[in-house]
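Two complexes, one shared chain (chain A), two partners (chain B, chain C).
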Partner chain A sequence: MADLINLTIDGVPVGVPKGTLIVDAAKRIGNDIPVFCYHPKLKPVGMCRMCLVEIGTPKVDPATKQIVKDDKGNVVIAWQPKLNTGCTTPVSEGMAVRTKTPVVIEAREDVLEFLLTSHPLDCPICDKGGECPLQNLTLAHGPGVSRFDYADKQHNDKHVPLGELIFLDRERCIQCSRCVRFQDEIADDHVLQFHDRGRGMEIVTFSDPGFDSYFGGNTTDICPVGALTTADFRFKARPWELKSTPSVCGHCAVGCNTSLNTRTNTSTGTLDIKRVMPRQNEQVNEIWLCDKGRFVHHYTRAAERITRPLIRKDGKLQEATWESALQLISDKLNTVPGLRVAGVIGDRVANEDAWLFKRFLTEIVKTPYVAASPALPAAYADIARASGLGVDADFKQLGKGDVIVVVNGDLEEQAPVWFLRLRQAVVDRGAKLIVAHHRSTKMHRYAHVIARYQPGLAAQWVASNPAELQGLKDARNVVMVFGDDTLGPPNARALASGLAAVLREAGQAGKSNSGLLPLYPHGNTQGVYDVVGAGERAQTADVAWLVGVGDAADAPKAGFTIVSELLMTDLAKSADVVLPALSAAERDGTLTSGDRRVQRFYAALPALGEAKPDWWAAQEIAKRMGANWSFPDAAAVFADMAAHVGPYAGLSYAGLAKIEAQWPPVGRDDLYYGGTVYDNMGGVGARTSPGEGPSDAVAPAEPTMEALTRPQPALYRSGELTRLSDVIGKRLV
Partner chain B sequence: MCAYAIGSNLAYIYLRGEFSEPGKELEKALADAYANGLLGTNLMGTGYSLDIRVHYGAGAYICGEESALLESLEGRIGQPRLKPPFPATNGLYNKPTVINNVETLANVPWIVLNGAAWYRQFGTEKSSGVKLFSVSGHVKNPGNYELPLGKYSIQDLLDMAGGSSTGRPIRAVLPAGSSSPIIPAVNFGAKLDYESMAGIGSVLGSCSFIFMDDSVDMVWAARKMIRFFKHESCGKCTPCREGTYWALKLYNKLLSGEGTLADIDMIGEVNKQIIGKCFCPLGEFATSSMTFTLKHFKQDYIDFIEKKKGGTPEYKAELARDTHGHHAQAAH
Partner chain C sequence: MNLKKRFRAITRIPLGFATVLKQMFQKPVTVQYPEEKRPMTSRFRGRHNLKRYDDGLEKCIGCALCAAACPADAIWVEAAENTNEVRFSPGERYAKTYEINMLRCIFCGYCEDACPTNAIVLEPIEFPTGYTRESMIYTKSQLLESPPINVAATPQQTPAGKYDRAILPFPPVDSSV
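Let's look at the complex of A and B:
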């Protein structure tokens, strides 16, 4: 790189980009300057004083303005008389930094001893114990003993609910302001602040309800002590007892990388999910999660889970063996013509399930009626893919010169972590934002251009060649986020095709950081539509098989209905056969995010009861119907899918598990940045190519009443899975 | 004139909230200025307009620090900002801002009217001009004295203020309130200018001279100052927030009569531990009360222990007042 700044840290030379802070430069060469208030995702504040170092710059002769050299020709360094904070000082050419001298070491001991004077030292009962930067840094840099009289300790409230999700322990807070800054700088929910001053300073929330944000859980990760804990995890387990399994959140199109933390429940002997943590993937979620993704996991162990196959007998669903259920289904399918069989595949199931079902229904049953649920995204998923972002698209690169267009979508409600990332592209890096919607969204706060239209007329607005969408030719890149709120299938397709046409006409199509970004309803909408395609929907059938279908409207009227499900939904209750499915926590597989990244998740829990992956059920019945399939595991199914489904060609299950080094390093073993975020184990996934797709313009249609009166998308819209979480179930609207 | 020079149409006077009485005078003066066309729109037909607003602080010493002042003016908690950027480029509401003391600005008209050379005839080579000395403590005539720099000594100032009000000898003076290095009477010959004050290890600073007679115990005085700084610490940075708390606990121990000689050393240690590590000068100010009472009046500390001066009913009452009275909340 051309404009690297060169400096030495403890004599070790390092070159870093202009603007890099000393602590980050040191980190590049493996020198962990201890920090508390500094966090690489937040703006520096210099409050805690832990990162004090000696800083010097080349001495300049005031007369000649030349750099002074000693007899041996070495540059003479003018050392600053006082220690200074490495977290607030950007590097400069020729700078010298000393991080291991006695004054620096003593300063660290001093600051730590001070911090501990007001700390309760209740590590044995603290949730952060074991993954606590204060503990770690005290061991590494602290004085061996404290000279502070324990009786002089100030005692504060220990269980202050900031909201229903987050608790504050006032004694443990070291006043680093990371939580305040996260809420202000990243979430843009200004709900936390310091109150009072000096030793009285405490974190308070001033929103009503308290800590009103979709992102609050992240503050508990980056809090460098156990001051902030979640209602979900506090007092539930010690971090070192937890086993962590890489996973992927399937609750919206973002596909945040997660780590499922599990521990054996000593009273029941079962393995339980204790918490869901972010797993660092700078391409996807960085180190963040929304509170839905973090707290929704309780459905995996809900009483409503189906644990054994059920067969309707005497008008009632009764427990049965897999053998009898499989036999019953294959007998049934053998007796009806393929044309009278319909399959519907929901967009929460894994790619492997969708693929093997699709193959089973088309190849073995020989029915054309295979459709995806919900029906609406089927209207545009092909366009969203073909005109989507390039394979190498990187949200972090979006900034000055780029344009982000959001049409008919509510980013924060529909794809919370994309909201964080695109907002930063606008607010911090200078991308231009155009927002068009029939109502206001949080993204409107940052918009440079706002367009409004009547509800249901988003496609008409785009087709009208609006002034707001002129001039996109000059943009470096254009990202177009869109949603299907108030649109029926024809208009949703018209909107997608209209936006794709705008991209083409502006010369933006095909650029790596340009393209459509669809706000799909779930975590594998793209994957399921990639597999199923437009599909054909049957209104009636003799046998219908519904795999993870949430909406009763997507179910054909059938004489015999098979439901593969996690939970006893209304559809399951009225089925003839119910097959218990495994949740993503209990098996492995892949999901495809809204920006077409295929990512692997892994089994963290043992199978619940006799539940099986859906692909397994499809294979078992295929075998009973004469197919000689033998897919031993999800990997084999994935390989089969990659061989048959265009966009997945060339992908391998093992390749998806590839790990890439993440910068900044915020892993849990790191003394330097802290935070309980997990390293990226399990792989960063791979984005599939857009492939070929339709480019015909679709004319907008009249809005329909059904579409106009549909509930507007919201993160906590009544949902079966969310309802089952004690912590966020209450937030349902 | 300052506002005119930088092309600003809006100025604020940030006044301590406690100064409500002077505030009334100030507001009346501003009202007069408006009435006479010296403030408002199109001043004296120049097309230039200026509004001045008075903002009352909420009682925080730190809000005298320029960037904390800006935070307070903007309606936020009074804590200093990280610098750079400096107010001159990113000040109030992120706009370039000039911040000066009223006293500084009060010199401007005379310099504009009479020229710099005229102003420089007052004072010394390095400390030019005149300064307001605000004298209080054990003096007969407390008040403000405007003097050219470098001409008079501390003793002269004490004499101008009528000398000791108690009849007891004056023992020491704080030249810039509690944030300044205390000066023992032996050094009262020093001239009132920046160089001379630096020469005796002190500062001129705000020139708020507090004279103390020999009845003042320096342990008591230092505790009073530490208590003030502990109460005024904004809490932003660790050394000041935690250090002043700890130091006050140690001084309280001395006052309560339970102190030991080791506690005196501990005060020195805590003090050393704060020095040079704070985010802003307030924390550093807090250390001068310890550093310089220990330097010049160490015997007071030793006597305090050895002659068992602590634990008197007066001291106990004082300690009780602090933990239960007005400042109780800040003392917990």
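Let's look at the complex of A and C:
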């Protein structure tokens, strides 16, 4: 690279891009300058003074403006008389930095001695204990003894609720302002602030309800001490007792990488999820996770879970064995003609379930009626894939010269982490933002151009060749985010095809960072539609099989209904056979995110009761009906899917588990950026290619009352899963 | 065998009988455990005892450092949160579950060293025995010492602000340890 700046840190030469800060430059050569307030994802402030180093620049003769050299021809360094903060000083050519001299070491000891004067040292009961940057850095750089009187500590409140999700321990806080800056710079919810001065300085929230943000859980991750804790994890376990299993959040289309931290619960005798932590994947969620993904996990061990197959006998659902349930279903399917069987696959189930189920219905039962639920995304999923972002698309590269268009979508409510990332592309890196919606969303705050239309007329607005969408030809890249709020299937398809046409006309189609980004309702909408395709929907059937279907409107009227579910939904209550399914925490599988990234999740918990993955049930019945199938595990099912479903060709479990080095390094062996379980040990996944798709224009239709009166999308929408989480239960709408 | 050797063998027999006879009138060394117990030194590392403060609150704050220090992985701790209405120990945290698997324990005393509140003490009290593996997992109720006379057991209802901190600035020296 041409713009490399060369400097030496402790005599070691290093070349880094212009604008790099000294601590980051040192990190690149493995020199850990300790920090508390600095975080690579936040802007530097230099508040904690932990990163003090000696900085020198080449001495310049004032008369000749030449760099002075000594007798041996070496550059003379003019050392600054005082120590400077490495986290706020950008590198300059020829700079020399000393990080291990006695004066630097003494400064670090003094800073730690000061920080610990008011820190309570209640590490034994602190949830951060064991993964705490303050503990780590005190051990590594601390003075060992304090000259301050232990009895003279400042005593503050130890139990301050900042809202019902996050608790503050004022004594532990070292006033680094990482949480304040995260809320201001990244989440843009200005709900935290410093109050008062000196030793009385404290974090306060002034929103109602307190700490009103979808991203509050992240502040507990980046807090370098145990000052911020989540209500969910308070005192649940010590960090070293937890087992961490890589997983993928399936509650929206983003597909955030998570780690499920589990430990045995003696009162139930089984493993429990104690907390859900973000897992670093700079391509997807960086190191962030929304509060829904963090706190909604309680359904995995809810008492309401179905643990055994249920068969309707004498008008009531009664517990039965798998053997009898499978026999009953295969007998039923053998007696009914294939054309009278209909299958519906919900968009929460894993790719493996969707694939084997679809294969079972089309090959063994021989029915054309396989459809996906909900029905709405089926109208545009093929267009969204074909005109989607390129394989190498990276939100990080979006910036000056790029245009982000958001049409009819509420990014924060529908895909919170995409909101964080696209907002940063606009606010921090200068991308142009065009927002079109019939109501105000949070994204409107940053919009350069705002367009409005009547509810339900998004497709008509795009078709009218609006002035706001002119001039996209000159853009470097164009990302078009769209949602299906208030749109029926014809209009949703018209909107997608209209936006795809705009991309093509602007010459943006096919660029790696340009394309459509659909705001799907669930975590595997794209994957299920990739498998099922448009599908054929039956209105009536003799036998209907519903796998993870949430909406009763998607179920055909049938004489005999089979439901595979986690919980007793309304559909399950009226079914004839209910098969217990496994949640994503209890099995292996893959999900395909809205930007077509296929990612693996791993079994963190043992199966609850006799529950089995849906693909297993499909295989068992196929065997009973004469098929010669033998898929021993999810990996084999995925290999079969990769061989048959076009976009997934070449993918394998081994390939999806590939780990890539992440920058900035905030993983577990890092002493000062995290201390949490950010390190990605489960693989970064792979994005599938857009492939070919329809490019025909679809004319918008009249809006329908059904679509206009649908509830507007909300992150905390009360649902079967969310209402089982007490922590976020109070904020459900 | 010659005559001399044969004579020596015969004379040894009464000598042996004499030794046995002499021992019959000496005090026996065998102790009829468990009816009879030998005195142990006051610092003998026997069964664990979970201590209380004088006001009846448990010293254990559920920090699980004993479990972390345990080389035999014999200790299992699950913590929960105290409130002023239902208080088990000073501070915010207490041990909801505290179990020691006495079959695993090697009585090394590392748990005592790790304890920040001197809550767990290996004392010269009765040695754990049992007929089943389950009975050898000692629960918190078995390990916790009874409260002082005329002091309420835990949980207690306590005034707000009195027990804010789990670890006291200067832990009072417990003379009984």
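By definition in this document, the second predicted complex is superposed on the first by the 728 of 733 C-alpha atoms of A that agree within 3 Å, B and C clash if a C-alpha of one lies under 4 Å from a C-alpha of the other, contacts with A are read in each partner's own complex, and residues count from 1 in each chain.
The rule is simple: a contact is a pair of C-beta atoms (placed from the backbone, for glycine too) under 8 Å apart; a residue touches a chain by one contact, two chains touch by 3 or more.
Keep in mind that what you see is a predicted model, and the values were worked out from it rather than measured.
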Exercise. Now for A:158: first (chain B), second (chain C), both, or neither, which partner does it touch?
Worked result: second
For this session: Go through the superposed model and pick first if A:197 touches only chain B, second if only chain C, both, or neither.
Result: first
For this session: Would you check which partner chain A:368 touches, where first means chain B only, second means chain C only, and both and neither mean what they say?
Result: neither
For this session: Name the chain, either chain B or chain C, that contacts more residues of chain A.
Result: B
For this session: Could you say whether A:665 touches chain B, chain C, both of them, or neither, answering first, second, both or neither?
Result: neither
Exercise. So, A:240: does it touch chain B (first), chain C (second), both, or neither?
Worked result: second
Problem set entry | For the chain A and chain B complex, residues of the former touching the latter | 44-50, 52, 82-83, 88, 107, 110-111, 113-115, 117-118, 147-149, 152, 154, 174-175, 193-201
Exercise. What residues of chain C sit close enough to touch chain A in their complex?
Worked result: 61-65, 67-68, 76, 78-81, 91-93, 97, 99, 116-117, 164-167, 169-170
Problem set entry | List of chain A residues in touch with chain C within their complex | 120-122, 124-125, 129, 150-151, 153, 155, 158-159, 234-238, 240-241, 265-267
Exercise. For chain B, which residues are in contact with chain A within the complex?
Worked result: 60, 62, 77-79, 82, 230-239, 241-246, 249, 266, 269, 273, 276-279, 329-330, 332
